[in-house]
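Reading through the structure tokens given below for one structure.
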């Protein structure tokens, strides 16, 4: 639940497999390794070549499948699965994916990681033409478009539809006899292909999900591609050739698991390198380097190594903070009760401490960390952020409720330093970020093939529904759907 | 859970209220009295004039709202609710009503009691035109039709749609500022209107739901009517005038609560009269009359009174048989372990017993009852059924899986008597059934304004999807949807 | 849950079986038929001759064993079970029986129906001698006494202990190789013995539990008996000969199932006879007789038959009132919202109605019933109670919180009639109660072998802890344990 | 749930607080930080000076108090709490602490961390004298002893009892007006005292629990002490002076949280020092040092720093492995599916890797880790254990089911190396372990005030029930209770 700490949430992970017994069980393990990408809901749809079977519910994967019979019911040799981060709280089981749609000419299941930038516009058009939506999710738009053009055949209708939706998206579709994957023209969300020893193909958001099912990495899905896997094997097609790689840099900074390899780059190595370059950029005279567990430990050890300072465990994180945890009263919180993080008094007391954190969003956690360390006796607290200041919202699948919550959008670095109470505050530069990640196959793509719009406002796509001014034309319900990120 | 005993299941009850505080709480109590019409799911949608709020889940009402906050969340002064009997097992939360549909031009909630006879045909057409269905329920067809014609305005589109769907139906719709009710052209399902002291209107499947909220009975909804209730009051309109009353006789025989009054007839009184006429039709020389609890007690006491024989409690029914109950092993069942019913040895031992039951569907329960009574020492067991032999399926909302399960469709009365092991077996005649119910305002409608097709095969409407021969043209999925009642 | 309506609660039912496969499953079915004796907790302990296995929890039997594996775990060919009504709310799982005690010289399980009158005194003595109690239940006292004398051997220690405890009690004990039953010297609580075809013995609170497992009735356990069942068969012994039958009359009036046979009397027949004698005692000029479902239907049909008036269904009872049901607000309740009972308007409107109820405790329900019937249009409401006025508390296992709650202890019959708002109110006389039940083997026992102390204050035993004056000597905790029934 | 990985389990953590509002809520947060000491059950008993209130259940703290009302019910200004690791599976709610005992002369609650070595003997004696035990726990023996001597007064009876029980124990007792703590004569289990700003005293297993409630550390409880906290403040007493510090070394090696300070030693610092001394003892020519997350990261960073090798993240641990997780099939496990740990291919591929682990018990995890790293491409895998070989069982509260499971009890180091498949295997020496921990106030206590019996067999106390030969005299039930650790 990094949400509470970070205010950053990846919206979802996907996993698909075709052509092996135990397909749903392998999907379950694949989703397990992608759980960090979404903890609010999980589901699997399987196919036995005749019929599709679905189970999904709110909550963590282990809870959704707490009754093992639910998994056993999902028979067949192909499956897709989804873990979800969702903002719209209460009654959202309708929003838990994979979606399963029944048609007289065959069922279709759909799972999605990403966010469409023209969803509101498209939904309004479709509803005026008779469409009835069953979820609040922009994911559902794809299937309505496909059905609109279904008389042209499924694959042509899908290709046409993929050219109509815009934004960042990685779609998996399952029909009774094939698995389909599609990635947006900028490859904003990661998606990779692997293969089991028995020849079955796997598609997943991150390579860690290939590892757990013992699948060999085959290749990353490329921008604009449409991958079809059926009894005849893997077919690589594309729905557009107007593509340019711009993968989300936050995957490397914060979201992806350290053991995942994205476009050839091991995430832990990229993070350690961010720490090293940060140390070059801002060498500090201090007694030790500590990381904010768990996501900043790679960067912190990189900083420590580069600076030659000892790497210590100055903060520890509880493994036992559950959703149902009873929150401390205001009074207790003011006394410093923090359920998730604790400072290690015996390590930091009397010391000058460099804290490395991977990112700074709202600043609330940083402020608590500084307070906690000083309370534990730290003489100096230097906050070093292994990414640039986060100033602009993401419209491609990271949940930042509104721009107003981004501390760096409203304050200078010295102001932020004072607000969080640190002795100093420093951020990695955009150039060093790109240099640290260093995607080998970026070619001539701008920013080394990365989306760095969160730091410099240069978005790789038009924003459609999110353009300034568009807001005024929406009714209340549509505004809620658009989540008003510009305000 | 009469299902296990009877093999007959009403598919649903509906309740709506407009213009009073505590709308959702009153709906909750209304649904409580309609729980006998469906125990597999329940839900409520409320409106506060700005927005609709939904909660629904599988299980009994008390379970669905086990957390009272769920009910409190449903704010506003109007609401509709639904209790559901569902055949499609597992993942059916998508099928639990009221459905709630979000459109950019306003939300609509929908609850339905009944069954459409041309649902498969309509769904195929709509899907070919681009529609994406979210449930297996035929109910959803109505909203797709309405959206198809939405440019003509909501009410005109609704009227047009109600002329396209066929079968037995009682629909409730809730928009943010009005409540709408519509009944099929034969009034096959019951629907009545009441009014609270504060002027708020109530619409419900049975009058028992008016009583519990202290609403005064206003009138029954008539065939073909479209009722609109808004801030200006009650508006009685119709979408067709081609109507003829043919209310389902099984409502009187078995489904409705004894205290409900349908088209002027108190259900208990009708049942008692069925018992009286049965006694006239078949006087038997015996020591006592007993009823099968609870649904047959009215008819049994009528039989006893008419015959002058003592009315005894020869069978008792457990109040504690839950869904989760562990079923006896085959061995135990052969030893006569019956969880729901027990014979009262001290009453029936050595006696000649007349058992009055309301209906005989598959014959399984009757057979068990005869066995149980003989095991408890009864010298003779005469089975008297207070309705005619059930030979033809219902296509209007009673769940009889297939015709093959109807005992009377395959055997003569003497054969049935031998199969269940009774000393004698007798059924009420169709004429006496009509005479016992005796709807005052039936006018010149055939069969006294009743549907008695289950007994004589004379259906009040064309059967569309259920016509013999149509079956061959369907694919597997559509056959499942149609539930193949003719086979 | 008759508790809410009646204010009377039997404390528990017991079931034991020895020497048959599926012992725990048969116990489960036996307990199912005894569920009316207690709905707050249930449990089973089984033995496979080597070890005892326990499962127990709060709630109804079906909930306690909702996971069927819990029942499968209870292996072995003997078992005892218990259903419990408990007053002490919250954390009472420690109070759910059967208790299971582990000793280095062998385990013992214990289940109890009844109440000890010297429990507080004995517990204080035992604690002063070093005893550590694990429950609030007086049941546990027996095992502490047995252990106190264990050096004399188990059976001698048990006999000695049974002479030290006083009150009304039916104990079942299970050791790894035998089942033991003991009944108090007045036989206040019912307990009977049956036998399966395979020779296995069954002991149960009521004969309905013998019926469901297909056991043949052998005999009632007699006052003062100690029954031991082991591999060698059934051994009838006694721990005292100073006995006199005084079985609780409320078992016949209200608690026991109508199909149970207690000391040769079928409960339904006794109740019907109470109704007949009530009709003789108080003939009323009215249009119909109705009963309060379900417990009063036998008496009501007896009254109807004797009086020649029609027996109608004027009140119906919902099957769906669950523990978790959301209670109506005060405003709704004043509008007459009653979840459990409804008047049948079409039956009672304009009529003079005789309502037969089995008993009147606090008067709250009677008042509601009168109001409800008048609201439904009844012209006259005559309340006829098929038992005498309830004036004195029960100390033998019926939960009447305090004497102050007994309406008849504080008002004359005319006052009560006015308070409940009936046109007339009449009670069966004690003599007619005894005559209606008419226990064949009562011999020269006073009051026909019945405890009628609730009506005339003549208790069959000394009251020890409940004597007036004793109260003052207790501390707060002991007072709670004694439940201050005299106040 | 380190159990699955390690085969080592601390049995419990305790927390108590006296004299502050929100006592139960502070206890809840204290227990949260002690959750690593026991995940099988949790409970709190509070006192409002008049009465004690209890809630306890199986499962994690967050689950036990998932309904926040359970915590609110625990009113009062003092409380004790407990988290439990339990071996006896199923029906163990009776074993969840704190125990609450009701006596006519006042209630007592009891929580315990540790294990008694003469529990079986004492229980047999007590049962022969009439005692009835309610749990399988040896904890309960204390209260039976206290009651046996209660006529001498509570504190004298407690002191006498503490001299009768033997082993490792830290007891907390709560009465309505005081909190009592007692530690065994060797101080085997840790226990410390803190104080809130408002003067309220806190007693806890580890200092991390003082930190979260913002309590200032006062002192460690010393061997043989009896601490009484009441309205008059803190009273330090002792029940014996025959004491010698021998705190469990496994607290420093594995169990305690890195931020806890025990007898003046910060646990993280001790572990880092173990890593440093291990690097001095066994310098290895390799490319990197990695730790087994999370418990070995301190030692691994110490090894890295001392050796000058880079510290890398070569293994990562999932945060999402829940109790209910569906285990992989054998086939999947052979394919290397490991739910908890993953190797980071991009880090270890082609490298010579030093893995630092804190301990090696059964060897299963080490074997998996080596396999996993080789599968991810590691060229060499050197396993360095930051503690000595674990050869002898613990009888003081660590759960090692039997000696037969201890790999080092049966194999030489080279044999173990081959069994786990590592290129080399090395252990820290006992001397270096003592040197690394270095308790400042150990005085002349052997082994620097540590229990190192697990490594050298030199137990600080006699073993009573666990002596070789004693086993033969026990019956089956007692053997289960003793858990046969010598076999």
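Going by the order they are written in, the chains are A, B, C and D; count residues from 1 in each one.
Methods note: a residue touches a chain if its C-beta (ideal position, glycine included) is under 8 Å from a C-beta of that chain, and two chains touch if they have at least 3 such contacts.
Chain labels with UniProt names: A, B, C, D = Amidophosphoribosyltransferase.
Only a predicted model underlies this, so the values are computations on that prediction, with no experimental measurement involved.
Colleague: With respect to inter-chain C-beta contacts, which pair, B-C or A-B, contains the greater number?
Modeller: Per the contact counts, B-C leads.
Colleague: Taking shared residue numbers divided by all residue numbers at the interface, is the value for chain C and chain D over half (same) or under half (different)?
Modeller: Chain C and chain D contact each other through largely matching residue numbers.
Colleague: Can you give the whole-Å distance between the Cα centres of chain B and chain D?
Modeller: Here chain B and chain D have centroids separated by 61 Å.
Colleague: Need the CA-centroid distance for the pair chain A / chain B, whole Å please.
Modeller: The computed centroid separation for chain A versus chain B comes out at 48 Å.
Colleague: Taking the mean of the CA coordinates per chain, how far is chain B from chain C in Å?
Modeller: 37
Colleague: By residue number and range, which residues of chain B touch two or more other chains?
Modeller: None at all.
Colleague: Return all touching chain pairs.
Modeller: The complete list of chain pairs in contact reads A-B, A-D, B-C, C-D.
Colleague: Going by the contact rule set out above, which residues of chain A touch chain B in the complex?
Modeller: It comes out as residues 54-55, 73, 90-91, 93-94, 101-105, 107, 123-124, 127-134, 136, 140, 143-144, 147-148, 150-151, 475, 477-478.
Colleague: Mind listing the chain C positions that touch chain B in their complex?
Modeller: For chain C paired with chain B, touching residues are 22, 25-26, 28-29, 32-33, 35-36, 39, 60-63, 65-66, 68, 71, 208, 211-214, 257-259, 261, 265-269, 272, 294, 297-298, 301, 304-305, 310-313, 316, 318-326, 328-329, 332, 335-339, 342-347, 376.
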